[in-house]
Structures are given as C-alpha cells and as structure tokens.
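Listed below are the structures to be examined.
Each of the two complexes below includes subunit A, the first together with subunit B, the second together with subunit C.
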Partner chain A sequence: MSEGTLTADPPAETPSHGRRGGLLSNPATLFRWGVRLVIALIVLTPPLYFEPSWLRVGQYVMIGAVAAIGLTLLTGQAGQLSLAHPFFMFVGGATYCVLGSEDAPGKVGFGLPSLVALIGAILVAAALGLAFAPVSGRVRGVYLGVATLALVYVGLYLGQQWTSLSGGTASGRPSPDLNLFGIKTLRNDPEISFLGQAMEREQRVWYLFALLLLIAALLAWGAVRSRPGRAWRAVRDNESAASALGVNVPRVRAEVFAISSGYAGLAGVMTVMWYRLLKPDESEFAGTYSIVVAIAFLAMILIGGLGSVGGAIAGSVLVFGLPGMLTIMIGGNELFGTSGANAITPAIFTSFVYGAAIIIVVLFEPGGLAALGRRLKATAARTQLGSTLLSPKGS
Partner chain B sequence: MRQSLKVPALVIAGALVLAACGGGDDEADSGGADASGVKTGPGISDDSITLGVMTDLTGPFKDFSTTLQAGHKMWVDEVNAKGGVCARQIQLESRDHGYKAETATIQFPDLEPNVAGFMELLGSPMIAALKTDINDKQVTTMAVSWSSELLDQPYVIIVGTTYDLEIINGLDYLLEKGDLKKGDTIGHIYIDGEYGANGLAGSKYFAEKNGLKVSEAKVTSTDTDMKSLVTKFKSDKVTAIALTTSPAQTASAATNNVGLGLNVPMIGNSPVFAPALLDTPAAPALSKLYVVASAVPFDSSVPKAKEVATKFIAENPDVKPSFTVQYGYAQGLIWGQILQKACDAKDLSRAGINAALKSSNNITTDKLVSDLDFSKPGSPSSRTVYIGQVDKDSPGGLKQVQALKEFPDAKTYKAPHES
Partner chain C sequence: MSPAATPALQVDDLALSFGGVKALDKVSFGVAPGNIHALIGPNGAGKSTCFNVICGVYRADRGAVRLGGNDVTGMHPHQLAGKGLGRSFQNLALSMHSTVLDNVMLARHCRTRGGFMAAGARWPSMMSEQAKHTARAVEICEFLGIERLLHAPVGGLSYGDAKRVDIARALATEPEVLLLDEPAAGMNAGETAEVAELIKVVRDALEISILLVEHDMTLVMGVADRITVLDFGKVVADGTPAEVRNDPEVIRAYLGEQE
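Let's turn to the complex of A and B:
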C-alpha cells in the first residue's frame, strides 16, 4: 500500500503529475505502479481462489475499514473523540432498509431503487451527524466521547421501540438487494462467470465492498491532502490559531462530524448487506451496533495510527479480520480440545491474540502501523536501491 | 495524459493474466448415489454421516452448551456402537461462535459444505443472522431456541414446546393448583427480543382466555436489578409472576419477591433457570419458582432420563448436571429417526432429509421430550410440558412436580405462523 504509509500531516507541496518523458523509464514511478499492482491483485483475486468463509472475513474487514476511515478523519485529523459510530451505522442500515424495501405488514418501506436507498442512507446519517453539531461544537475531548456514547443508547432504544422501521429485535428485517445497473448483488441474477469462477453472492459482495472502500478511501485521501484536511488539523492543533487563520471553527467541527457520520452510515449499509439482515441489538454491550463495536473502531485507528487512512484499513484487518481468520484457521481442529468446560476454544484464543496485538502495537509503536510504515520507508530510502525507488515523483 | 494511461492498463492486464492462471475450483458435492442406491448429499460418505454443531462454549451460554454437548456425545457413542444410522457412523463437527453473530456468519460457509444438517445452532441472534443462508443451502437445522416465530422457516427444527406454550401451560398449572383465579393480575417480566416477546404472547393469551390481567415489565438482557419491577408488581397486587428472563434476572426477581414480602409463586420458561443459581444467595428464594419446559428435568423419575443421568454422572463427575444433558441426548434421538426415515426412502440428500423431517409426525424420545409432530408447518412440534420446582437437593436443581401434560389452554392456542 504505497498510500498506506501516508503521514498524518502530508507535505504541503505535492509534486505535480504530467512530467514530460517516458513514465516507464522512471524507476520510482515504475515501483509505485508495481506496488499498486500488488494491491490490486490482493483486492481483486481472492474471490477467484478463496472459500466463501474467507471472503466473508474480507468483506467484514472492508466494512470495518470504511467505518474506521470515517472515525480517523474525525478523531485523528480533526481531534474529536466519538463513540457514536455504531449509532450512525445503525441509522445508515435502517435508512437503507426503509428506503429500499417495499412496504410490508408492520414495516414501513418506500420501495425506492436500491442505489438511491444507499445514497439516501449515507445522507441521512450525515444529516444526523450535522444535527449533533450543537453538542459536538461545544464539548471537547473525553467529554465529547461520553456525550456521543449516549447516542449508542439512543440507537438501542429506538431500534427496540420503533419496530416499523427497524424490524424489531426479534427477527429484524431483510436487507434490500443492491441492484447495481442491472446486476443484483445478493442473488445470482443475472448469472455471471468471471475467468471460469461463477460470481455468486460472496464474490459479488466482495467486489462491491472493494469498490465502496476504494471510493471511501480516495475521498478521504483527497480531503486530508487538500484544504479541508488542513482546516481539520488546524482546528485539532489550536482552535484560536485556526480561527486567526480564517478557519470557521464551529463550521469545520460540524462538517467533519457530518462527514464522519456519513462514512459510518455507509458502513451500516454494508453491515446490513453482509448479514442480509437489519437486526437491532438486544443489549448495549453485545451486538452489531453496540459499545463493543465503538471500542473496536477506536482500537482500529489507534493500531493503524491516528489520522492515517491507510492505517485505518490496516487496523481493520487486525481488529475485524484477525478473529475471523483465526476462527477459520483453527476451525474444526481439536487442537485446543473444543469440548469440556475449561477448554481453550478458538473463540478464547482469538481474543488473546487480538488483545496482545493491541498491546504490542501501542507499547512499541505508539504512532501505530502508519508510523511503523513511515519508519520502514525511511530506512529503506537510506539504501541505494531504496532511494531510487522511493524518490518522490518528479525528482 | 495518453501516456499515463499505459501503466494502469498494464496493471489491469497483469491482474487478469494472473487471475486467469488460477481459474476457479468448481464445487460439485451434491447428487450421486452409493452402492445400495441411497442418494447422498453433502456430509454423507460411504461410511459416515456428518452433522454440524454451532454452539457457544465461551459466551453467556457456556454451561448450558457444555452439558448439551455431553448429551450429544452420549447419543453418538451409543448409536455408533450399534452400527450407526444407515450403515454409517455419525460424526459431529462443531464450532464455537461465542454467542457472536459475526463469528457464526463467518463459520457457516466453512462448516456447511461438510454437513448433512445441523444438530445444533444455538442463540437467536445467530439463528436470525443465518436464516437466509440456511434457506439458500436447504440445510435442515435444529435450532436451540423455542420461539414460535421461527416456525415459518422450512429448514429449522424446533424441538418441543415453544416459549408461548410453556408460559400458557405454566399458568394453567397455577390455575389448576388454585394459586390463580379469575380477576387476578399476573406480573410478567420479559426480555425485549424474540424470546421475551414470544413468552409474553403466551401470558396475554392465557389472561384473555381466563379473564385475568397482565402487568407487563420489559427489561433488556443486561439489566440485573428487578427490584423496581417487583415493587410495581406489589402495588398491582399480582398473584403470580411469570418470567421470560435470563438466570441472573431470575435470581433478582426471586430474591425481591421474597424480600419485599410479595411471596407469590413464579413460573418461568426453560432458559430462566441454571443450576449455578443454587450456589448464589438467591437459592432459598428460588424454591417458589416452577420451571416449565418440554425437556425432562435432570433428576426426573422417567426411566430413560434416569439412565442418561446415571451415565452422565459416571462419565462427567466434575460437571454440574443440567436438564440439557437429556435434551442434547434427545436431539440425537430425533436426528437419528429423521436420518433413518431418509435412509428408508433411499435419499440422504439435503432435500431427502428435509422431506423426511416434514413427514415425521410421530417422533419419540422415550419421554425425554414429549412426542413430536413435525408434519404441520407453523404449528409447534409439541404442546406438552414437564414442570419442575427449583430444589436445592435435586441434581440439576429441579424436582419434577408435573409429568408430561398438555393443559387445556395450550391445546386451543394458535401459534403466530399456524394456519
């Protein structure tokens, strides 16, 4: 991930494209494209080779990545702590179901085209984030974290009470099928085959999520490197100074909260599609939109490095991906003795590994994986080959 | 600009070439028949039948599942010693989802191609999350949940009496005993969600039928202090308390029932009680609780239950016994009969197994659970219950006070998906 090592504060001057002369003759450019090729392969080929359960882990990682990118913009770039991401995910998922499903007995549905429902879900989540501006504009730091935590409880309550929208905790409501220009995502309709591999649900959802993640990441990178990103960092570092520079602080704070909520809303739609079900949680401590998930997102951006988009993705691989991967790898093995009251089962083992990973990263590299990447890059750049390959564009 | 497009084009071309080298591996596991003409399917080999188990060995249902699995294992060992089913040995392949829906969602496609059906899928969040998968793969699944809301699912088996019918039977029992009469008020504490809503449907039906009132008290699954609710019940002058709660909530409700001087009898669905509660300070207050379940209490005098219990204690001297031992064993007996039926019809494919289930109108388990009828879609497979009173001195914590019985209101009740 060449962009994965993006710094929290990228250099102000980004060398421009469009140099004369053969692009391919420049080893640095060639190397950059080589890295992109590897990433493209990592993203594009698994559906051709991997079992559905592995694909589901990958899809889940992509959901976490989208949400974590939203949170890293808010917390890492703009300095606002939020634990409300699960709430906005729930709002996004519920809006998608309400807008995209047909009316059913006891359940409200508008029957809009699913793509409209998807965009509507993001907009509604962002609008609710904006509506939270009076709070997010006034409260700072840990206090904002606690204030946003309240929203998780609001989500829990609404999900349980407002069953005509949420479907209720009992059985929930099914996810609308995303119809992407005639191609259904959750059903084999029409049947497609790609390089001899039938594109079934897991493959389709993988590619769709990869596309959504790509768009989400590109937008985030764009924002971080340009004017909005500079405004966010200015507000984060010193509000008075930002104000003196002409940044409208309350407006920027509200804006970034709304954008971050929009990301969470998209992650919520992806969650509903992943489960093929919207189901409100039965308790605030366990479930899809619970406090545990809010903490998991925080862990992702901490592990990845606050403010780094690539780091958020890497953090999601670790936090959302690792337990799933270990579960499948250990799977049916009787290695740990899955019977008996005191056996160490994969579920326990994975929580140990996951916990240890967080401690190790925070202990030895407080800047997270992003800082680790930067350091590796700097070390590599000191070598002869590295300095040729990693030289910035245009040099 | 034109030049810079060269590179992305190369990237994509490269990706395609590499991808093409791999191709896809086709799955072809369905269909086929063995030498004796029995049609086979996933999870069926020439000498074995594999059933899947998705359980919770690390989450809130750890104790429940541990004894349930012990019951499965006893049945598997027994049936395999007798030569198995359809001349095939039974094998179980199990996964621990830790009561996490996302883990179960990831495990399912990994496990599903290897199994003929699921012996156990525990937990209503997991069942909800996997409902579409189960339907898509047409895999017959025994759910460890007793919600009648699930009865519209063609591939889901619910063994025994549903939560609504448990409550109706329990209240009928109190009515017969004279603890309840017309005009009384019943206090019902229930967890918001499928479980609680289904239990509440039972008490509402009973109250309407018999001219009583229900004082409803909704809790979330993490609430543990029931004091305010019992206080409310006291001011409502309830004469009985119905519980559709978790064991910890049961303990609090029972303690406050005695502590606040209300002292009314309590009935509860099968999941409200766990033997571990008897090691808590709530133990004395719990003796007012009658647990209504389609599964036999561990300490019952039913011969088969005794036999299984004796064997369990001999094999697992360190594990706290529970009714789930016999229930797990009964699940095995049921699967054995369904598989035998499918074998007789020479079709062990998934469709064949489901057809065998649909035609099973008289499955018996030597009274470990009542006789079961799976042939009527939407209708619970049984309406009869055992009633056990909490008793510190009985192994498993329950003393049987009522043998299998179908009370009159349970007979007339119509389940949500019943036609």
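Let's turn to the complex of A and C:
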C-alpha cells in the first residue's frame, strides 16, 4: 500500500499538533506562558534573597531531579527497573575529576577544559550504560533490579581500590571548577553581581545547576513526547507488539539504559561539584553512591508518578529537599536532636515521610503527583474560568 | 487474478517441529495480490505457528517465506515491518495508558528518524517529519472511524474501538500484506459482522492483501476469497470457500470435529 491511497475524505481541518498562535491571541497560550513565568521566578529569584544554606538545599534538589528524570525515563517510560543509578553517578563524578583535574602525585588527571570534562563524564557514564546492554537486554523486571544492584557493589569496590582515579575513601579528590565560557563556578572569578546581589559560589552553583536541570528536563520532555518516547512505552507495554510494528526492541532497551546512565553521570558531576569533592563510599548502605540513594531515586519517581518528568522533579523536592529544609528550620531542637544513636534526624524523619508517601501513592494514586496535577487541571478546566484558560482551542 | 502474478505473500515448504510435534509439515501456499486469504484448521493444526513463522517470531526448520517476491525468511519482526508486512494482534497488545494517536504513531517508527537528542532538542526537520506522519496517522484513524478518539487513552475504549485501533496501527505501517490473528476472537455475532465488513473495506480501499487466521467459520466463509486448511501441520485443502466447504477431507478434519 502506498501513501495517499486512502480514499476516505481528507482531514477536515489540520490536526492541532504543532499549532502556533500569536502569543496574546490565545488564552491557553497565555496561561502556558504564565506557568512558565512562575517557574522562571522560582528558579531565578532565590539566589537574590535566600541564605547560602537554603541555596545548597535547592542545589541538592536539582541534583536529585536530574538523576530522577533519568531514572523515570528508564523505569517509568521504558519499564526497566534499575538500582544502578548511584553507580553511574559515581562514574560520572569520577570521570569529571579525572578528565578535568591536572595530573597530581598519586592521582591521574588529564587537565582537560572543565566543560569537556563535564560532557566526557556524561558520555562515559552513558557508554558504560550501553555496555550493560547484554544484561539489561536479557533480564526483566525485578530480576533486572537485582542485577543492576550488583553495579553498586562494583562501584564501591572500584572506588576503594582504584585510588589513582577516585582519590580513595580517606581524602577523595577535589572537584574541578566548572568554567562556563570564562565564568568560574566555584570561585568568584570574575566577580559578578546581579540586581545588586553579589554572585558568589552558592549563587553561581544554583544558576549552573538550574541551567543543567533545564536542559535535562527539556530534552526528556521532547523525547517523551515524540518518537523515542513512543518506542519506550511500546517496549514497556508489549515487546512483541513493538517489534511487529518495526521497533528494534533490544536496541531501544539498550539506548534508554545509556540515556538514563548519562543523566546519572551528569547528576554525579553535579554531586561532586556540590561537595566540591569526589569521595568514594566506605559502605554500600550509607553514602553518596549507596543503595540508600538508589532507593531514594526510586521513591522520587514513584511519588512523582512513574514516567513523569515533572513528577521526578517534584519527587526530588520531597525526598532530597526535605532533610535539608528540616535541618535548617528546626535543626537543633529536641525532636531532631542530631546527637545520640536514637535521635530522629531530619534524614530519618524524611525517610518516614517518603515511605508514607509511597504507601499513599500505591494505595490511592498510582499515577503519583503527576496524576494529581492532571486531575487538578481537569477539575480546573471544568470551571467557567478554567475552561476559558485551559481548553486547547482557547474558545 | 492471473496465475502469473507474483503472490503478495508466498510460503514454501515450511517445516517446524517442537520436540516430537510436527507443528508445520511441508506447508506451502500463496496469497494473491488483493486477496483476502484465510488460514483455518482445528485446534492445534499449526495456524498460530505458521502465522508466527511468517511474522518472524519463530524461525522455521526448513522452507522459505517470500514477500512480494523478496525472500524474507528468518528476518526479525521489526525488519519485516519495513518490508511491507503488517500484523494485528489477537489480544490487541495496545499500550493502554497511551492515547489512540500515540499507539497508531508507533507504527511510523520505522519510517521516521530521530533519536533522543534530536527529539529532545525538537530538531526542526524531525518536528516537520513528525507532523507529516501525524497527519497520515490521523488520516488512517479517520478511515477507520476512530478520529474522535485520537486523544483518548486506549484503556477506556470499547473492545470494538480498540480492535479498530489495533488495525489502524497495523495499517499505519503501510503494509502490502496485512496479517490478522483471529480478529473476531471474543466477539459476538454483531461485532463479528462488523469486523468482516471492516476487513473488506480495508482491502477494497487500500488494495492490500490480507491473510486471516480465524476460527469463526461464518466470518471466514463470508469474507475470504481463498482458504487454506491446515490439519496436524499439513495443508489438507486449498481453494475457494465453495470448494473448501465441500471438500471431504476438510469436512472430516475440521467441520466434523465441531459436531
């Protein structure tokens, strides 16, 4: 059958995809730009008003968000459960240090420009993800989760043994500064001020992370909504059907694993910059690249709604943001005594909160925060004003 | 049909055993261009096995599959989609959470380009290609009468509508030959008649060949131009519905079994 042989009437009107209207001509467009404006304010203004300690919490949330976006593509969109995210983070962080640092006694360094090191770190993490394809291509479901867990142990072992790359568990190795077209991130060089506020380290890192998160989220949104995303969901839902429709299933599975690993690699670079240090973990159960972190990422994407990019970001606000916020707000009080073995630390309190959140999600709203958001939008659309604002044609 | 015309689909001397069971044994038949061809037989006759060999899901021990004169024996299912073979699924196999349009657009995967970076960056050439293919997918949905459901999740559709989505998706691969796996399974008489009508309309409008694996005799006798009957992995009859209906071998193997 050749294209155009359909004898049915041609479409009465062109489908509403790729519709472009004047910015102000259409209430729905206006609404969408309003949402964007609010997001832009949330992202752009905190460095002007907030204490550095708050900024660091926000930066940490953005690290988690980048990692969780990568995981929600893999697990939520493509249906591959992975606990290996911390491993690929570690790979990304270590690669960034190795590529971006000068050679030093006992530590290998290539002294490459930091932006090259950043991209190299993403690519190396993605390549290792691709190298995992023989496993991810054969093993499904929970078994894949268990298989990926092995990588966390590999990372732990390599980090401890391969000290010329990792710096070792005792001292680690310092993070290279990121020099973005002449603007350093970790030092006030050159000095900049923005709306009267001096842009120092935490402000700079905030804006850098926001930029990286923006790129990460936009790429993910674009992919989810078009050809790659359709292939991922098809492979997730029914491999033989996907295959019969022309999708090369092993290839798609390998690709999404590589992409997800690249996201984890970027999150690893951000982690190293956040600590200003690459430091391998001493235990698989506690630390920056440990199983606990793998589970935290899963919690983020579950709470946010599997497969939802916005949900992954929201999940990180809860899971990575809450401990930091609590520490700042009610740090030294009696409930959150930080000393003593039985103290409920903000981190422990948070794990109760997100544990409860997961149970609530599983029981009441399997679509997570994303589904909640969609439902709110649908409810709003049923109201008089809402229908004016949200209807696709803006009628 | 002139006998000289190259069959749209030809299977030659297929054989496949599972352990001791000869699921297919020297099976040969051809689907003439523009024909609706039915493959029937009693339970365990080897219909599904034959279907799966043609689709590339199973690999035959022996024999060949030709698509419009090209040898496609042993190709992977995803390669066959690009060679003009479309198939529908008995159990629908749709993505229930995705929209109708999303499901149908999946069939354009092998006709389009663009990986993660291009899609993520909304590369203009990729976006315009996508818009073109979306228009085509919408057109196919209109043809099947499901255009009002384009943005509805498949999970909420009636069985009949979901079946149409399944067929729309198979047609969106732009097949020369369409394979239908028990399209009337689980349907009542009214729905079966609707499917029969749909199969004819598809063939007439698109001038494609259809191979139908089916249990339902009324459907088969009503729509098929030609019928191949399998029994115990062997072809026991091949002819027009009238010929097959009166073939003593078929009556014994197939119709007799139903009493």
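Convention: the second predicted complex is superposed on the first by the 337 of 395 C-alpha atoms of A that agree within 3 Å, B and C clash if a C-alpha of one lies under 4 Å from a C-alpha of the other, contacts with A are read in each partner's own complex, and residues count from 1 in each chain.
Here, contacts are C-beta pairs under 8 Å (C-beta built on N, C-alpha and C of every residue); 3 or more make two chains touch, one makes a residue touch a chain.
Note that this is a predicted model, so its numbers are computed, not measured.
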(request) For A:Gly246, decide between first (touching subunit B), second (touching subunit C), both and neither. (result) second
(request) Tell me which partner A:Glu255 touches in the superposition: subunit B (first), subunit C (second), both or neither. (result) second
(request) Identify the partner contact of A:Asp103: answer first if only subunit B is touched, second if only subunit C is, both if each is, neither if none is. (result) neither
(message) Between subunit C and subunit B, which one touches more residues of subunit A when both complexes sit on the common chain A?
(response) B
(message) By the touch definition at the top of the document, which applies to A:Asn238: first (subunit B), second (subunit C), both, or neither?
(response) second
(request) Scan A:Asp189 for contacts with subunit B and subunit C and give back first, second, both or neither. (result) neither
(request) Return the residues of subunit A at which the contacts from subunit B and from subunit C coincide. (result) 17-18
(request) Name, in rising order, each residue of subunit C that touches subunit A in their complex. (result) 55, 57, 76-78, 80-82, 84, 87, 89, 93-98, 102, 105-107, 109-112, 114-117, 119-122, 126-127, 130-131, 134-136, 138-140, 142-143, 150, 169-171, 173-176, 205-208
(request) Can you check the complex and tell me which residues of subunit A touch subunit C? (result) 1-3, 5-11, 14-15, 17-18, 218-223, 225-231, 233-234, 236-238, 240-249, 255, 259
(request) Under the touch definition given earlier, write down the residues of subunit B that touch subunit A in their complex. (result) 1, 3-4, 6-8, 10-12, 14-16, 18-20, 22-24, 57-59, 62-63, 66, 69, 73, 93-103, 105-111, 125, 128-129, 131-132, 147, 149, 191-194, 197-198, 220-222, 318-319
(request) Quick one: which bits of subunit A touch subunit B in the complex? Just the residue numbers, please. (result) 17-18, 22-24, 29, 33, 36-37, 40-41, 44-45, 48-49, 51-53, 56-57, 60, 156, 160, 168-172, 174, 195-198, 202, 274-277, 279, 282-288, 323-324, 327-328, 331-332, 338-341, 343, 345-348
